[in-house]
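As written, the chains take the letters A, B, C, D, E and F, and residue 1 is the first residue of each chain.
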C-alpha cells in the first residue's frame, strides 16, 4: 500500500540544542483543558487528514469527569474547533446504546470509511468499534472484544484477507499489568486467532505496555508507537517508545527500542489531573519527507504535539534493539 | 432439538430424610485424588455419553501441581479408568502448542463431533477449544478469546446460525470478580456480538459467578447450572445454583434461583487442597425420566456426583426467582 | 444488683482428663446447621432465661447466604425449636425497615424488657437495637451508632444513670483491625461519652477483639468474655478469652487473661463455612453454684456449648493477668 | 432564621473571561505554608465573622508534620495573623486530653457561642467538639462519635429541637470510601437517629464525599458545599460541588449538582504536599448581596479563596440536578 | 565426613499399597498439640541423636499463641517428653535477651557442640544462633542476619574453612515470596559472601521455598529437603520436596525434584491452626541402611513422622530433574 | 580522628529572609536531568573531596530507566562533568557481575581508599560494596548483606576494631516500612552483630527512615542526616532530618530531631519523576568554619545543594529532641 503524501501536516524543526529523536512542539499544549465550556480536560485523542484539512475524535472529559468523545476539525492540525456536545452514535442494538463511558479513541481509514476504536464501557471497559463516512454520522458497529480491554487499535489495511487489531487485556480498575495482543477478523465483528505481540520489559515499560497510534506501514515493517508504564512509589509514569513489526505476521517483533522516545518532563506533562503522563494516540505521516507528527495526551489533561522523522526513528530502532 | 434418552446414567434416589432439590451420591467421592499414580487431585471434569457407555475429559493435577487434561472411560459413569498421561493435542500452529496449563474442561457434542473447551494457558488463562471425533485423536482448534478468561462453555447447538459460548472474563490471579457473558461465532474461531448474561448478586454468589456444565435445552429455556462464590474472611466458598435462559436469546435470563442448590458441607467438599469448593462441570440428563446427574469437583481435590430431577429444578426456579 | 439463681442451666461436669478452665459439651454441636429447612447455618446466637425455660434470638443464614435473626425456645437450653421464618420487626420509621442483613445478636434483660442488639445493615454494618416484652412482638428502636460497627453488647443495667454499650468500630469489609469501645446513653437512642476499653495484643488476639456475651456483674467487676482474632497465612482464627472491668467505670480493665480460654480445635470448630472460628454470644449464669454455660458459634456454621465456673475464671484472670 | 448581612466579606468580581459559577481569587493563595515559623502548611481551615472583623481556627501542620489547630484573626478575611502556638484546650476529663492530632476544623455560631468541630485523634480519627465564647478560652466538650470518622460539620441551628451534625464514617487510613451521614443530638454530647444523606456517584465524586463548610440556610433548603474524590492511577483528586437539602429533614437531598464547581487546576492546587486537592471548610455569606466567599485548602499546603453568588449556585443546582 | 550409623532411628516400612517415595508413619501425629499443659500446638521442630537416645528442640506455641522453644527427650524418637517451660537462654548482650518470639528451630552437631538456629524476633524475624553442649545449658550467640529472614539452616560441617548457612530473606508479614540463599562465615557471627541457591518454580513451589532439615552429606552432594508453597484462592499450601547441591559449592544445584515428595492430604495435615501445611525441620539418617526419618509439622498444630530411603530419593531426583 | 579542613566546599550564606537551620542553594538544581546525553535523571549521588577538587559517584538513570552509577569530577563541587558511560566494575567472582541495577551510592574514605556502597541488584536490592584508589579503577568487593536491603552507609573509620555500616532492611518493592540498623565487620566482607538503631516515628518520618550521607564525627557523637518518609493519600513524601549517635556505641541515639530539616517544597523537589522527594546522599564538611554542604536528590530527577552550620544543627538537635 502506498501512503499518500501529507505535506500540510503540522511541523516544527528540531531545536538546535536538542538531540533526541522526538522533540516537542514549542507551543504545547495545542489544546487546553477548557477549549470547550463543558470540558474538564481534552487529551488522548485521534486525528486524521480529512478533505484537505484535518478532522479528529477527541476525548473530552466533562466537569462531572465523565469520559466521552467529541468531534473536531482543524485547518492546520494545530488549531482545533471541537463540538460542544459529544458524538451521538447510531446504534442498531439498543442494548449497546446505554452510555457508560467512552475514551481514548483512535481513527483510521480502511477501505471506504473512517473506523473509530475506543475504550467503551459495557459492563467494564472493552473495545468499541464504530465508523463514519463523513464525520457527520457516526455508526456504532459492535464491541469487538469482551471486557476487560483497552487500547484497541486497528491496522489501516487487511492482511491476508483479515482485519487486524491490537488490544491490551486489562482488569476493571487501574490495571497494574498489560501486554499487547493482536486479533484477526473477517468482518470487524467476530475476532479470533489472537496472538501475543509483546509484553512488559524493565524500566520505563515495566508495568504495562499498550498500542498507541494506528501503525504506519513502511517497507521494512509496521512502525508502532506504543506507551509503556513504570510504577514509582508515587504512581504510574507513562512514556512512549516504538517498535517495528513484521508486515505479514505483525505479531512478530522485528525491532523494539530499548529506550523511550519521550517521557513526561515538562510542566504540562507532569502537572495535571494525572501527573506524569505522555500518551500518544495518533500520528500524521508525510511519506515523501519522512516527517511524522505525533499527537499525545499530557497528564490526562491537555493535548500536545511532538515531531520526528521516519529515517531517524528507524535508525533509533536499529541501534537500540 | 430432541435430546436422546439416557436411561443408563448413574443414579441414586433421594434419601428419605432429605428434602433438598439436589442430593449427593452416597458413595462420594467417586474419583479419589490418587486414582492414577501421577495425580495430586482429579476434579472439575467433564463427562459425556459415548458409544453406549461414558467418556470424559478430566482435570488431573499432577504432583508438580501442574494442571492438565486426561481422557477417561467408564461403563457406568461412576467407576472410571483414566489415562495415566495427559491428552496429547494435535496443533496446526506450533505457537499455540507450548504447554502452560489446561484445566476445568467441558465436553459437548455439536454437529458431528465432541468439542472440548477448557481454561488454556496462553500468556494467561483463556478459553481453548478443541475437538475429537473418537476420543482417540484430539485436535486443538484455537484460543477462542483473549486472556484473561475462564469457564468457557459451549451450547450444544447453533442458535440462529451461530455457535454460542459462555465465558467469564477474569484477571491473571484468583480474580475477586466475575460475571457470565456470552459470545457468538460463525465458525468457532472468530467470536463477537458479546452480551452480558448475568452478574453477581448477594450472599452465596456475591464475589463471582461462572457457567458450569453445558446448558440443557428444555422447552422452556436453557437450563444452566452455574457456580457462585462468596468471600468469607477465610477465603472463597464455591456453591452452585441454576438459572433458565431464553431459548433464542440466551443472554436473557428467565428465572434465576435465589438460593444455592448445593454448597460445600461434607468432609470431602470442605477439606482438601482448596477448602469449601463444590464446582459442577458436567451433567448427564435422561429426558424421559427427567433424571439429571451432576458431576462436580470437591475441594479442588476429588470428583463427586449429585442428583436432581428436571421438574423439581424447574419448580425450584419458579419458586425462588 | 443481685443476679437470680438459674439452677436449670444446661450443664455437664468437666471431664476427668481435662484441666482447662473452659470445657466443651460432649454432645456438641447442640444446633446443627440445618435445624430448620431454610437454614444454611445457625450460629453466633443469644440465649436468655424466659418464663422458667429458655428463649433466644438466633443468627440463621439461609441458603441464599442471607443473614437474619430467628426466634427460638428451649425447655433445657440444649434442645431448641426455632421459627422457620425470621423475626418480623416493627419499625416506626420506614426508612430503617429496608432489609440489608442482621447478624450476631445479643439479648439482655434491662429494666422491664429484653433488649436485642445485633449487627444491622444500614448502608454498612452498624448496631441495631430492638426490644421485646414477650418474645412475640419485636420492636426496632434505632441504629445506635453510625456505620461501620459490629459486636454491640449492652450492659444489663444502667451505671450512674446511663445505659452502657460495648461496640467495635469496623470497616465495610472483613476488617483487619478492631478494638473494644464503650458508649453511654440516657435513652438507648442517643449515645456519647465514648471511651476506649481495650485493644489488640499479641498472639491469639493480635488482629482484633470484640465483646462477646452480655457482661456478668460480680462483686469484683464486670466479667466480659470476648473474642480475639489471629491472622494466619490462611486466614482469621477466632478464639475467646475473658477480662474483668471496673464496676463503676467499666472502661477500666482490672484483669485481662493473657491466654485464650477456648480456641478452635474440634472438627466442628475447624471445618465449616468459615474454618477455625469459636465465637461466644451468650452466657447463662447460676450465681449460687457459680456455673456458667457459654453459647458459642463454631466455624460460622453451628452452635455449641461450653462450661466453666465463676471462681475458676476469676482465678484464671488473676493468675494470667 | 435570618442570616445577618456581611458586607465586608472578602470579594473580587468574576473575571471577564471566566464563565464558571465559582471563580478563584486572583491573589491566591491568601495564606502561604510558612505564615508562622513553625508551620509546614496551613490549609483546610475555618473562618467566621467576629466582632466586626474575622476570626478563624486554622489547621497548621508543623515541621514534624503533626496536625494541630491554631487561632487566627483578620481585619478583612484575606490577611491573617495566626498564633504561633496551637490552641490550648480546656478539658474536663483528662483521659481526653492526650494529644494525638487535630485537623480540618469547622466553626459555627450556635445559640450563644462558637462551636468548633474537627477531626480529633482518639484511638483513631473521630469528631471532636469544642466551643469558645470569645476566641480566648477554648473548651473541649466531647468526642461526638466513635472512631473512625472525619468531616464532622454542625448545622448553625437546631431543627425540631435537636442539634444536627454531618459526618463521614471512615477507616483508620486514607479511606477509599466515604458517604455523608447526619446525626441528631439533644445536647451536643449524645448522638443518635443517624441517617444516610448521600453517597458517592461517578466521576469526580466516585471514591468518597464529605461535607465541607457549615451549611447555609436558604429559603429553599440548606446549601451544602461538599468535596468529592476521584481515584486516578496516581492518587486521589479532591474537587468540590454543592447540594441542597430539605430544611426540616436535611437528610433528604433536593438538588445535587452533577458537575464539580471547582477542581484542582492551578499550580497551588496541583503541586504541594498532596497534589490535586481543593478542599473547602468555610464560607462567608452576605445575604443581601448573595455574595459567598469560600475558603478552601489547596494541595494540603496553603489556603485560598474562591467566590460565587447564591443565585447562580442555586441556578446551577437546578440545571445540573 | 563419614556420618555415623543410627540403627535405632524411628522406622516403619512402606505400606504395601503405597508407591510413593516418602510415606507417613501410621501412628501420626506422634506429638499431639496438648502434650504439655501450656501448649496450644507443637510442630516444626528439630531432633538429633543424643547419648544413644534422642533429644530435640521443639516449637511450642502456648495458649497466648506466643511462639517459643522447649527442650525434649525421647528414647525412641517417637515418644517424647518435653519440658513444660521454654528454654532459658544465656545471653552475653542483654539487648538481645528481650523476648519477642522464637520458632521453627533446627539443631545440628558441628565440631564440638549442638548448634540451634531458629527464627528469632529482633525487631522482626531473623535467624538466631545458639548452642548447647549438653542440652542443659543453652547459650545465645548472635542474630546471624538482619531482619527480615526465616528458615536459617546450618550445614553440619565447614566447607573450605567457612561455616555455611541457608536462609530465606522475607518480609515482616506472611511473606508472599521467598528464595533460598546461602551465606558463609569464619566464626558463625559475621556472615558474608551470600549466594542465591534456588528460587520458586511453578506449581507446588510457586510462591516461596525454604530450606527444611539440616542437609545430609552424600557422596554425590548435599541432600536438601525443602518446603515449597503454593497460593490457592484460600491460602498457602505447604508441601515438601528435595534437591541435591554441589558438595564444595553448595549454591550450585545438581538435581531438583520437579514433584513434591509429600503434600498435605491427611486430616492432621489439612485441619488445624493453619490448614494444609506439611513442614519438615529435621531428619535422622542411618547411613548403612539408607533409612531416613523425617520430622515434619502438620497444619502448624502437631508433629508427625515420614520415612524414605536414600537410594530411592536419589533415584527420584535423577528421574524428576 | 581529626577531620581535615575543606575551605573550598560549595557555599552560599543563608538568605536574609530565611530562618531555617538548612537552606537551599539559590541556583538549584546544580545538576539537570539531562547533563549527559543518555540520562533520564541524575540524583541521589555522592561527592567527596579528591585531589584538591571534588569527585563523585552519581546515580544516572538512562532513558530505559535503568539505574546505574557514573563517575564525575568538579572543580568547585557545583559544576560537574560526568562520564557518559557507567562505571565498569572489576569483579573477582563473575557470578556477581551480572548487571541488574545500581543506585543511590555513598562514597567514603576509609584507611587508604575510597569505598563506595550502593543499592545493588542481586536477586533483589542489597548493599554492594566496592572501592577505588584513584577514581580510575573501581573494584567490586561483595554484597555485604542478603537481599532485601537499601541505604547502606559506611562509617568513615573503624570503631573498636570493626567496620560499621548502616542499612535499612526492605522488601522487593516500594517498601512501606523501614528502620535503620547497624552491622559490624572485621573485613568489610562478613557482617554481624547487627543492632537496631532507630525506627519510624510520627509525622514526616512515619513510614520509613534511612541513613543518608556518611555520618560526620563530632566531639559529641556521630551526626547522621537521614531521610524520613510520610505516606499521603497520593504517595510517599521524602524529607530529611538529623540525629546524633554515640561515638563508641553508634546504635545508641543521643539526640534525634523531631522536625525535618528540609522537606520538598520547591518546584524541582515537587515535580519530576517521583514528586515530593528530597533525599540526601552526601555532605562536605569544613571543620574549622563549621560549614556543611548537603547534596540531595530532588524528585528522583535532579541534584541540588543545601547548606547548614554544624553549631546550628547541634543546637537544633538539642532543642528539638
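As a convention for this text, a residue touches a chain if its C-beta (ideal position, glycine included) is under 8 Å from a C-beta of that chain, and two chains touch if they have at least 3 such contacts.
It should be emphasised that the depicted structure is a prediction, and the values quoted were computed from it without experimental measurement.
Undergrad: Under the touch criterion given at the top, what is the topological distance in steps from chain A to chain C?
TA: Tracing touching chains, the least step count from chain A to chain C comes to 2.
Undergrad: Which chains make contact with chain B and with chain F at once?
TA: Both-contact set = A, E.
Undergrad: With centres defined by CA atoms only, which chain is the most remote from chain A?
TA: Here the answer is chain C, farthest from chain A.
Undergrad: Comparing centres built from CA atoms, which chain ends up most distant from chain D?
TA: Max centre-to-centre separation from chain D belongs to E.
Undergrad: For chain C versus chain D, what separation do you get between their C-alpha means, in angstrom?
TA: Roughly 40 Å separates the two chain centres.
Undergrad: How many angstrom lie between the centres of chain B and chain D, each centre taken as the mean Cα position?
TA: Centres of chain B and chain D (C-alpha means) sit 55 Å apart.
Undergrad: Which chain B residues touch at least two other chains?
TA: 234-235, 271, 275-276
Undergrad: Tell me the shape of the graph of touching chains, choosing from line, ring, star, complete and other.
TA: other
Undergrad: State which pairs of chains touch, listing all of them.
TA: Chains touch in the following pairs: A-B, A-D, A-F, B-C, B-E, C-D, C-E, D-F, E-F.
Undergrad: Taking the touch rule as given, give the residues of chain D at its contact with chain F in the complex, in rising order.
TA: It comes out as residues 33, 37, 40, 62-66, 174, 234-236, 271-276, 300.
Undergrad: Residue numbers of chain A touching chain B in their complex, please.
TA: Checking each residue of chain A against chain B gives 95, 122-124, 126, 142-149, 167, 169, 171-172, 177, 179, 181, 183-187, 189-196, 199.
Undergrad: Quick check: in the complex, which residue numbers of chain F touch chain D?
TA: On the chain F side, the touching residues are 19, 202-204, 206, 230-235, 237, 258-260, 263, 265, 267, 270-271, 275-276.
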